[in-house]
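Each of the two complexes below includes chain A, the first together with chain B, the second together with chain C.
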Partner chain A sequence: MILSRLKHHSDTVAGLTSLAAMVLISVAAFYGLIGFSGQGADWQLLSDNYYQSILLFSIKQAALSMLLALLLAWPVARALYYGRLPFQHSFLSLCILCFVMPTLVLITGLVALLGRDGLLTPLLGESWNLYGLNGILIAHIYLNLPFAVRVLLQALHNIPDLSWKLAVQLKFSPWQRLRLIELPALRGAFLQLSGFIFVLCFNSFAVVLALGGGPRATTLEVAIYQALKYDFNIPEALTLAWSQLLIAGALFLLIARAGRSNWLAVDTLSHQFTPQPGLFSQWGHRAVYLLSWLGMLLPMLALIPGLYQSDLSRFSLSALVQPTLTSLVLALVSASTAITLAWLMLIPIRQARLQQHNRRAMVLEWLSTHSLVAPAMVISVGLYILLLPHFDLDHHGIWLVLLLNCALVVPYAVQQLRPRLLQYDAQYQHLSQNLKLSRRQRWWVEWPFIKPTFISTFALILLLALGDVAIISIFGSDDWTTLPLLIYSYAGSYRIAEASLASLLLLLICALIVWAFERARHHA
Partner chain B sequence: MRNVLNRMTVLLSGLTLAGTVQSADLTVYTYDSFISEWGPGPQLEKAFEQHCQCDIEFIGVEDGVSILNRLRIEGERTKADVILGIDDALMEETRATGLITEHQQDLSPLKAELNWQDPQFVPVDYGYFAFIYDSRKISQPVTSLKALVESDARVLYQDPRTSTPGQGLMMWMKAVYGEQSSQGWQQLAGHTVTVTKGWWEAYSMFLKGSADYVLSYTTSPAYHQLNEQTSHYKAAPFSEGHIAQVELAAVTRTSQNPVLARRFVSFLTSDEAQRIIPVTNWMLPVRDNVELPPAFDQLMQPTRIGFSASEMADQRKGWLREWRNAAAL
Partner chain C sequence: MLEVDHLAIERDGTLLQYQLSVATGEILAIQGRSGVGKSTLLSALAGFVAPCQGDMRWQGQSLLGLPAEQRPVSMLFQDHNLFEHLSVRENLQLGFSGKAPAEALNAASVALQVSDLLDKKPPTLSGGQRQRIAIIRTLLRPEPIVLLDEPFAELDPSTRQLATSWTLHSARAQQKTVLLVTHQQEDVTRLADRAIELG
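Right, the complex of A and B next:
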C-alpha cells in the first residue's frame, strides 16, 4: 500500500515537473525579451490608431474565418451523416490531411490556383485580389473546415438511436428533427469549435505574412514580428504579445469551462439507425459531398502544373534527400517527446478531476495548453535572445528548434488525449482501485482503451511538427535544412518548379503518415 | 520502441555534429543572399583565402537588419570579426552598440561621389533606389516621384519594417513630400498592388506582370541585360533625385584577429573584389575605373538626395509610425 502510494506520488511529481518545464519555457522567453530591453510593455501603443486597427483586424478575420468554416462545415457533416456516400473513410482521412497541411504547401497551392496568374483566377473577374482578407479567409477556412467536419460528425454520431426512433413515432418534420434533435446534440461541439478555430486564426502567422499584403491586413502575431525586425522595438512587441495572450487566453479559458467534446476521434462510423432523408435532400447531400472533395483536393492538384513551368532537368532529386530525413527525424523526436510530456502532465489533471478539484484541474489544463495561445514569435525570439550569448546556435540551433517544436505541439497532444483518459478514469478507475490492481495490471487494462486515441494523437502531432516552419526560418542554418525550410527558400527566390516539387513531396509524406496511422488505428 | 528512439538520437546527434566546424580564423556576419550560390560570397571567400592562407567563415542571417539585431543580442560575446552588409541608414544604430572599432583604411581610392570619411565603416558597394518598368508596356514612364504617387499606375513596394528598399522609399517620400508625406502615402496606397515582406517577393511578382512599377535599384536593368540579354526592363529617372544606399563593412572591437579582419576589409575595397561584387550582388563599385561589363555604362546617373545616417537614426521610429498609420487606414 505504501509502495503504491509512493509510486502514485512519483507519477504526480513527474507530471508537475513536466508542467513546470513547459511553463518555464514561456516564462524564460518573456524574461529574455524583458530582461534584454530592461523595459516592460509600451502601453502608450494602446492609443495608437495602428494598434487599434490591427487588433480589430485580428479579431475580424478570426471571427469571419471561424463563422464561415463552421457554417460551411455543418452541411458537409450532415451530408456525411445522412448520405451513405462512397469513400467516406478516405474523405475523413483527407480532412486530417487538410488540417495538418503545412501552411507553406497550402500557400503555394492557393497562389497557383487563385493568385495573379492562377488557374481559376480568370473566372473571378477583374477586381479579384488574393492578397488581403480574401486570401487569409480562404486559407483559414481550408485549414479549419475539415477539422470542424470531423468534430461535428462525431457529435451527430453521438445521437442515441432512441431519439431517432422517437422522432419517427412522433412524426417529426425535418425542421423539428433539426431543432429538437440535431441542434442540441451539436451545441457543445459548435461552442468548442468556435473558440478553438477563433484562437488558431487569431494567432495565425505564416498565412497572414504570406497572403496579408501589407499593413492593411496584419494580425498581432505578424505585428510582433515586424516590431522586432527593423525597430527591434521590444516594448512594442511586448504590448502586442500581452494583448494576444490576454484575449486568446481568456477565450481559451472560456472554452475549457464550456465542456468538452471528443475532438478528432471518430469512434463509430458503423451506421446505426438514422432516418432516411427525402430524395431532394439526398441529391443535396451528394452535391455538398462532391463540392467538398473538390475544394479539398484542388489546392493540392494545383501544385502539379507548377512542375512543368520551368526546367527541372538541372535539378537533382538528391537535394531533397537530406532535408527530408532531417524533417522526419526532427518531427519524430519532437512528437515522441511531446506525447510523453502530455501524458505526464495529464496525471495531476486526472487526479484533480477524480478528487473533484475542478478549479485546480482547470488551471492545470490551461497551463498545459497555454502555448497554443502564447505568441510563438515571442517564445522563439525570447529564447533566441536568452540563449544566443551562451550557446553556439549557428551549429547547434537544431536543439532549440526541437524544443520549440515540442512546446508548440504539446497542447494538441493534451487536448487529444485528455477526453479519452478522463473517460477511462470515470469508467474504470474505481473498479481498478477496488480490484487492487498492480501498476502493471492497470496498464494492461488502460492501454487497449487508450491505444486508438494514442495512435491518432501521435500521428496528428507528428504531422504538425513536420510542417512547422515559423520557428525554423529564424534559426535555420546552412548546416541543416528541413523540407519546409527548403520550400520557403525556393519560393523566396521564385523557383516555382522546385518549390512545387518539394511541396508535393512533403504532402505525399504527410498523406502516407495519415494513411498508415488511420490503418493502424482501425486495426487497434 | 526504445531501440528506435536510440537510433533516432544517434542519427540526430550525427546530423548536428556533421555541421560542427572548427572555429575559423575569421568570422564574417553577412546577409544570406550575399553568400548564396549566385552571390559574391563564394568567389570572395576563394580569392581572399588564396591571399591570406587562412580560413574564413561566413555566417548568413536573413538580411542587413538581422546582422545589427544579432550584434545587439550578442554584445561583447559576438563571434563576428567583421560585419558586412549593414547599410548607411543603419550605420548610427550600429555604431551605438559600441562594438565597432576603427577600420584604419586609406579611403582615398573611393569614388569622390561617395564623399566618404567615416573612421569606422567602409563602403563595399552602393546603389540608387529606382522604380523599374517594362518599356514594352509603358512607353511614357513617369518622370518624378510625385507623378508616380498621383498616377493610377499599379505599384509594388516593400515593407519598410522588414526590408531596406522599403526604408529607402520611406526616405524618398520624406525628402520629396516633407510634412505632407502622410497624404502622399495615402494616395499611393490607393493604387498599390501589395506591400511585400522583402525585395524578391515584389520583384518576382512584377516580373510575372502583376504591376506597372516595382521599387528596386537603378542597377536592375544591368542584371536583365547580362543574365537574360533583354533590355526592356528600365529604371525610371525621377526629377526630384534618387535615394542612395551604401552597403558597409566594419571590424568589431571584440575581434581576436583584428589584423586579419582589417586585411579582409581592405580586400573588399580592392580592385579584385570590386570586379566581383557588382556582377554578383548587382550594386555599383565603390572605386573608379573598375573593369565591368558595358551594361553598367548604360545605367542612369541620378542626382543624390536624402538624409544623413544620424537624421535617419533619429527619425526612423516616427516615420515608420507615420507610414503605417497612413498606409493601413
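Right, the complex of A and C next:
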C-alpha cells in the first residue's frame, strides 16, 4: 500500500514540477525585464491615444477574425458531415496543414496572390490593398478556419445515431433538426473555438507585423516588439504586456469555465445513420466544399510562379540544407520535450478532476496553458536579458530558442491530449481501479486508447515548432539559421524567388509530416 | 462475513442508510425501487463512494481505510465493463494478479457461448454478448466478494437462464460472497440464497 501511494505521489510531484517549471519561465521573463530597467510598467500609457488605438485594433481584428472564421467554418463542416463528398480525408489533412502552416509561407503566398502585383489583384479593383485590416483578416481566417472546421465536424460526429433516428421518427423539420439537435451539439465547440481563435488572433504577431503597420493596424504583441526593438522602452513594453496577459488570460479563463468540451463522448457511439439532405442542399454542400478546396490551395499554388520571377541558376540549393536540418532537429527536440511536459502536467489535472476538485483543476489547466496568452515577445526578450550576462547567447542561443519554442507549444499539447485523457478517466477509471491494474498494465491499456490522439498531437506541435519565427527573429545568428528565418531574411531583401523556393520547401516538409502522421494515426 | 454496519451515505441531499450482513459464500439479492440506493451501496463497498458514517467489514476487518484498488472486491458495473479499444481476449485477461487462468476462461467462454468472439473488439458486439463477457471476468477474478449491478438486464430469456446458472455454479464452486442488484424476481429465484428490499 505504501509503495503504491509513493508511486502515486511521485507521478503528482513530476506533474507539479513540470507545471512549476513552465510558470517559472514566464515569471523569470517578467523578472528579467523589470530587473533590467529597474522600473515597472508605465501606467500613464493607459490614457494615451496610441495605447487605446492599439488596444481597440487588437480587439477589433481578433473579434472579426474569430467571427468570420466561425461563420465560414460552419457551412464547411456541415457540407463534410452531410455531403458524402469525395477526398474528405485529404481535405481534412489539408486543414491541418493550413492551421500549422508557417506564417511566413502563408504571407509569401498571400502576397503573390493578392499583393500589389498579385495574380488575383487585377480582379479586385483599384482600391484593393492587402496591407492593413484586409490582409490581417484574410491571413487569420486562412489559419483558423480549417482548424474550426475539424473541431465542428468532430462535434457533429458526436451526435448519436439515435438522435437522428428519433428526429426522423418525429418528423422534424430542417429547422427543428438544426435547433434541437445540431446547435446543442455544436454549442460547446463554438464557445471554446471562439475563445481559442480570439486569443490566437489577439496575440497574433508575424501576420500583423508583415501585413499591418502603423498604430492603425498594430496589435499589442507587435507594439511590444516595436517598443523593445526601436526604443528599448521597457516600461511601455511591460504595460502592453500586462494588458495583453490580463485581457487574453481573463477571456481564456472565462471560456474554460463556460465551455464544455465533449470529452464525455463515449467510443461505443456508432455512426451509420445521418439524415439525407435534399437535392438543393446537396448542391449547396458541393459548392461550399469546392470553394473551400480552392481557398485553401490557392495561396500555396501562388508560390510556384514566384520561382520564375528571377534567375535561380546562381542560387545554390546547399544554402537550404543546413537551415532545414537545424529546423527539423529544433522542432523534433522541442516537440518531444513539450509533449512529455504536457503529459506530466496533465497528471495533477486528471487527479483533481477525478476527485471533483473542479476549481483546482481549472487553475492547474490555466497554468498549464498560460503561455498561450502570455506575450511571446516579452517571454523571449525577458529571458534573453536575464540570461545574457550568464551565457554566450550568440553561440548558445539555440538552447534558449529550444526552451522558448517548447514553452510556446506546450499549451497546444495540453489542449489536444486533455480531452482524450479525461474521456479515458471518465470511462475507465473505476474499472481500472476495480481490476487492480498495475502501473505497467494501466499503461498497456491506456496507450492504445490514447495513441491516435498522441500521434496527431505530436504532429501538430512538431509542425508549430517547425514554423515558429517570432522568437528566432531575435535570437538567430550566423552560426545557425532556421528555414523560417531564412525566408524572413530573403523576403526582407526582396529576393522573392529564393523566398518562394524556401517557402515551398518548408511547406513540402510540413505536408510530408502531416501525411506521415495521418497515416500512422489511421493505422494506430 | 461481510458486514455493513450503520452505514450512511449522502447523495443529492438525501441520507441513505444501510444495515446488513452477508455470510461467506452466500448470494444476496438486493431489490427496491429505482433511486433507492442499490447501486450506491455496491459503489461504496467497491470504494468509489465515501460514506459519511458507519463501517463496512470483511471477515472482521474494516474496508473503509482501503482504496478501491486494494479492496477484495470484483464488481460488474451497469455499463463500461470492457475497454472498447482492446479485444475481448485482452479484456478477459485483465484483473488477475498473475497469469490469467486460460483454461477457466476458455471453459467459461464456451459455456456462455462467446468463445468465437474472443478476437473481436467490444464495439462490434451486442449488449448481451458484452454482458456475458463481463460476467465471466467478474466471477473468475480471485476476489472473495462479487458485486453484480443488474448483470442480466440485457440478456434474452434463454441466455439469461444460461448466464444465471453459470454464475450460480461458478460462485458456489469458488465460495464467492455475492451481492446482486436486480429488478427481476426470476433472478432472485434462480440465484439468490436470500433477498432484501431496500427503502
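Basically, the second predicted complex is superposed on the first by the 512 of 524 C-alpha atoms of A that agree within 3 Å, B and C clash if a C-alpha of one lies under 4 Å from a C-alpha of the other, contacts with A are read in each partner's own complex, and residues count from 1 in each chain.
Keep in mind that, in the parts below, a residue touches a chain if its C-beta (ideal position, glycine included) is under 8 Å from a C-beta of that chain, and two chains touch if they have at least 3 such contacts.
On a predicted model such as this, the values are computed, not experimentally measured, just so you know.
A.B. asks: Touch test for A:Ile398: chain B only (first), chain C only (second), both, or neither?
C.D. replies: First partner only, chain B.
A.B. asks: Would you check which partner chain A:Thr326 touches, where first means chain B only, second means chain C only, and both and neither mean what they say?
C.D. replies: A:Thr326 sits against chain B, while chain C stays out of touch.
A.B. asks: Under the stated touch criterion, which partner chain does A:Ser336 make contact with: chain B (first), chain C (second), both, or neither?
C.D. replies: Touch partner of A:Ser336: chain B, not chain C.
A.B. asks: Is A:Lys436 in contact with chain B, with chain C, with both, or with neither (first, second, both, neither)?
C.D. replies: Once the two structures are laid over each other on A, A:Lys436 reaches chain C alone.
A.B. asks: When the two structures are overlaid on chain A, which partner does A:Leu388 contact: first (chain B), second (chain C), both, or neither?
C.D. replies: First partner only, chain B.
A.B. asks: Identify the partner contact of A:Ala21: answer first if only chain B is touched, second if only chain C is, both if each is, neither if none is.
C.D. replies: A:Ala21: touches no partner chain.
A.B. asks: Determine, for the superposed model, which of the two partners chain B and chain C contacts more residues of chain A.
C.D. replies: Of chain B and chain C, B contacts more residues of chain A.
A.B. asks: For A:Lys229, is the partner it touches chain B (first), chain C (second), both, or none of the two (neither)?
C.D. replies: Only chain B; A:Lys229 stays clear of chain C.
A.B. asks: Is A:Leu180 in contact with chain B, with chain C, with both, or with neither (first, second, both, neither)?
C.D. replies: Touch partners of A:Leu180: none, neither chain B nor chain C.
A.B. asks: Could you tell me which stretches of chain A are touched by chain B in one complex and by chain C in the other?
C.D. replies: none
A.B. asks: Which of the residues in chain B end up touching chain A in this complex?
C.D. replies: Checking each residue of chain B against chain A gives 5, 8-9, 11-12, 15-16, 18-21, 59-60, 65-66, 68-70, 72-75, 77, 79, 159-162, 167, 189, 192-198, 200-201, 204-205, 207-210, 316-317, 320-321, 323-325, 327-329.
A.B. asks: So in the complex, the part of chain A that touches chain C is made up of which residues?
C.D. replies: Touch residues, chain A against chain C: 1, 4, 266-268, 270, 427-428, 430-431, 433-437, 441, 445, 448-449.
A.B. asks: Write out the stretch or stretches of chain A touching chain B in their complex.
C.D. replies: 36, 48-50, 53-54, 116-117, 129, 131-132, 209, 213-216, 218, 226-233, 325-326, 329-330, 332-333, 336, 384-385, 388-389, 394-396, 398-399, 477-480, 492-494
A.B. asks: Under the stated contact criterion, what part of chain C meets chain A in this complex?
C.D. replies: 46-48, 67-70, 73-75, 77, 80-81, 83-86, 94-95, 97, 122-123, 141
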